[in-house]
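What follows is chain A paired twice: with chain B in the first complex and chain C in the second.
Let's look at the complex of A and B:
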């Protein structure tokens, strides 16, 4: 054993880069909500980028180390403390056998990534160590961590003193702008509804988790009238149950948009008006409830340019170490 | 039936085979996705057939979206209306209708239901002009159902009743979704049946429960050792009404590692089905009894 969980935090799970290939039977990709931060944390401690880390939401855990290790914390501004002494985020530091790792209160963002040299060693399930709690699959016993859990670590020497310079860090801007490609069932809403969807300021609702983020505060969307297709259901927002893209924006009854994330339900009977681009999914994972956000309309070309921008930023971090 | 193509952000292509549900739309989705799988297109990472649509996830760093779109359209053109034959299997699912667990749950969420004074079965029987609970069970379990999609959550099958449209059971979803549904609840929403593979939120009407697990992430259950999810799109399901004593004995057999689902290999032909639905179904269901 190498880490004992003294206090689990609010919701701390083991995550890596996910479990692709099983979405067609309802098993989502899972993995870190903010993959950029997850990769950076691993690079800081000298791990392979996709090693399993701990993802802590809103409140950090309290951990006791039973072996020497190197640690880095990225993503949310959740300052780590070694035996009560604060350490900087986005920086790797040593933790000695017997020392305790705890966290200060959250100052920004929503999810911190705690990488430990060697990576968290839980069994590979369908090719990944990520936790999918709804399906009780993967991670540590298929669930979030609890007090008393003991985690093993893989082999890894570690690299202390590495720093990601502030210019290469990423956190949420306020208000957050989520770039979305309209499509899917966009034609179901009126032109006016489409315009005010992008014009309105929304707020993250308390129902925001790894499955999806709900937003409220914008005007309801008006539908183009129709005869319900057979099998769809009578509500104007119903469709014949279909597959949901990651990042897709469904709006049940036209009221509150929900953006599906890494633990997405793979399909269902609500229409979707578009999809948040891959480059902005990490950002959603760092939004706190009540955070203001708006949606911006983009094209495929803009989505790909944003994607390459993100890749470039990651390449610069890789080049540092 | 013209397919509609749309990008789902920079990593997905979404294809609606038809706006409304039909066996033809389902077969089209199934045959195109099968052809896409066989084509082994570089950069394609997920192929997800659904009831009357499908979705392809891809890596835009490995293949351009417009190239993949063109390739999918060409596969659709080659596949045409879809293959009308399917070598598949029929699986018998024992069901305890009107069970105490879904009953307790539905009573807790009566304020979210269209007809708070009746149960989900009574309400669905009434709006489908069926003769009470008994008439409902007969209609629900009398004909087989296609697994037309697997998803929502891990291993959950969506089921499409294999009868003429006017005989299909239809029922709205709850007015507001429940926050709880027992594991292995047999549910129904719109024209689709389902089995909830895990406990959780849900909006479908609740008719009963099966003692037979369909998802096992630990792969301890004998018939789920090869893979943790039982169902695949294209499987056929036959419900078999059971009483409480049999329910209890199946639960015990599953726990003891002795339970084996009754299933058989079958060939389905869309033309033969449309020519005589009852005869085609009788033949499919007969396979479960060695015929």
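Let's look at the complex of A and C:
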């Protein structure tokens, strides 16, 4: 059983729920940027939730199936087409041997999750099939897909006609609101700068990727004057090197916040203004270049409540199938 | 008149580099597959290829404009 890649799209990679446990040696978790959509896609085709799928950014691939399979596409509004006939997103449908799967133009969101019954069968690397392109690790030969690649599929007949109802689908609002907990280095900026940070509307920079999402357009941060500590650089945004959590928001020179994502670098010397809560990381993966976004200040209690809310939504989808 | 649409979101450029001329100017012949501009996204520049042949009329989207997938970029007649 196989899929032939006719056209790869812009950046299409094999992803599952990632590779936890190696961040301390610099290998990030990787995996789908929108884990909610990835899980839903797998549930739709009858796979285990963490099976490997294809994550396509902005532009869908063109694939040819050499065996019958069941397919579902979730996340971005990137309508699939079977031999040119459009199919709905968030719905499982059959693709017959010899048929082509292609995609219409992106209508919303940024990353589509293409689940195929049986899952994409690439070798497990450190316990995961996810691609970490910067480290050339995992996935299909450690890289994004290219024309001519052939993907093997696992065993599984799948289940067509399953639908995630619109009320249970999830995508970013416009403008997107990213909830953030202020962090250890909050004291480094002035009170006015802290207020501006949350008040301003930012825009996704076109270079935003799986490593980090850069935002621009808000007012630059003003720092509290200090004597640079030993080991930190002279720039006011420098710190003595520290660990970078997933979702942490670094602001080099106080100019453009960067939210680290699934392919994050594990540490460095930029101060972090805070951390975007785990419940909102999926939304970042669905933001297009130039999309407006703002940051909202939350407490740990609010962050945990948001996480609970997301788990409840996922449980509702599990209960459907 | 045929519109060439943007295949993906990003920043649209008429030129390969700031000191280079635009890929096409009014009256130029356009063949299917000709590069008419670039889209910058995720630290990559992607060629925008014409999917229709004819004569180049004009760019619809400005140089360095933020574009969405499906936005018209140029006209070919």
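Following the convention adopted for this analysis, the second predicted complex is superposed on the first by the 320 of 321 C-alpha atoms of A that agree within 3 Å, B and C clash if a C-alpha of one lies under 4 Å from a C-alpha of the other, contacts with A are read in each partner's own complex, and residues count from 1 in each chain.
Basically, a residue touches a chain if its C-beta (ideal position, glycine included) is under 8 Å from a C-beta of that chain, and two chains touch if they have at least 3 such contacts.
What you are looking at is a predicted structure, and each value in this text was computed from that prediction instead of being measured.
Student: With both structures placed on chain A, which of the two partners, chain B or chain C, ends up touching more residues of chain A?
Tutor: The partner with more contacted residues on chain A is B.
Student: Is A:134 touching anything from chain B or chain C once the two structures are fitted on A? First, second, both or neither.
Tutor: first
Student: Name the contact category of A:216: first (chain B only), second (chain C only), both, or neither.
Tutor: A:216 sits against neither chain B nor chain C.
Student: Have a look at where A:304 lands relative to chain B and chain C in the superposition and call it first, second, both or neither.
Tutor: first
Student: Could you list which residues of chain A make contact with chain B in one structure and with chain C in the other?
Tutor: After superposing on chain A, no chain A residue contacts both chain B and chain C.
Student: Which of the residues in chain B end up touching chain A in this complex?
Tutor: Going by the criterion above, the answer is residues 6-12, 14, 16, 19-22, 45-55, 57, 60-61, 65, 149-156, 158, 165, 172-173, 189-192, 197-198, 200, 215, 217, 228-229, 231-233.
Student: Name, in rising order, each residue of chain C that touches chain A in their complex.
Tutor: Contacts found on chain C: 5, 7-11, 40-44, 46, 66, 68-70.
Student: Going by the contact rule set out above, which residues of chain A touch chain B in the complex?
Tutor: 20-21, 23-27, 125, 132, 134-138, 142, 180-181, 183-184, 229-234, 238-243, 245-248, 265-269, 272, 274-279, 300, 303-304, 307, 311
Student: Report the residues of chain A in contact with chain C in the complex, numbered from low to high.
Tutor: For this pair, the touching residues of chain A are 10-11, 57-59, 105-107, 110, 206-209, 288-290.
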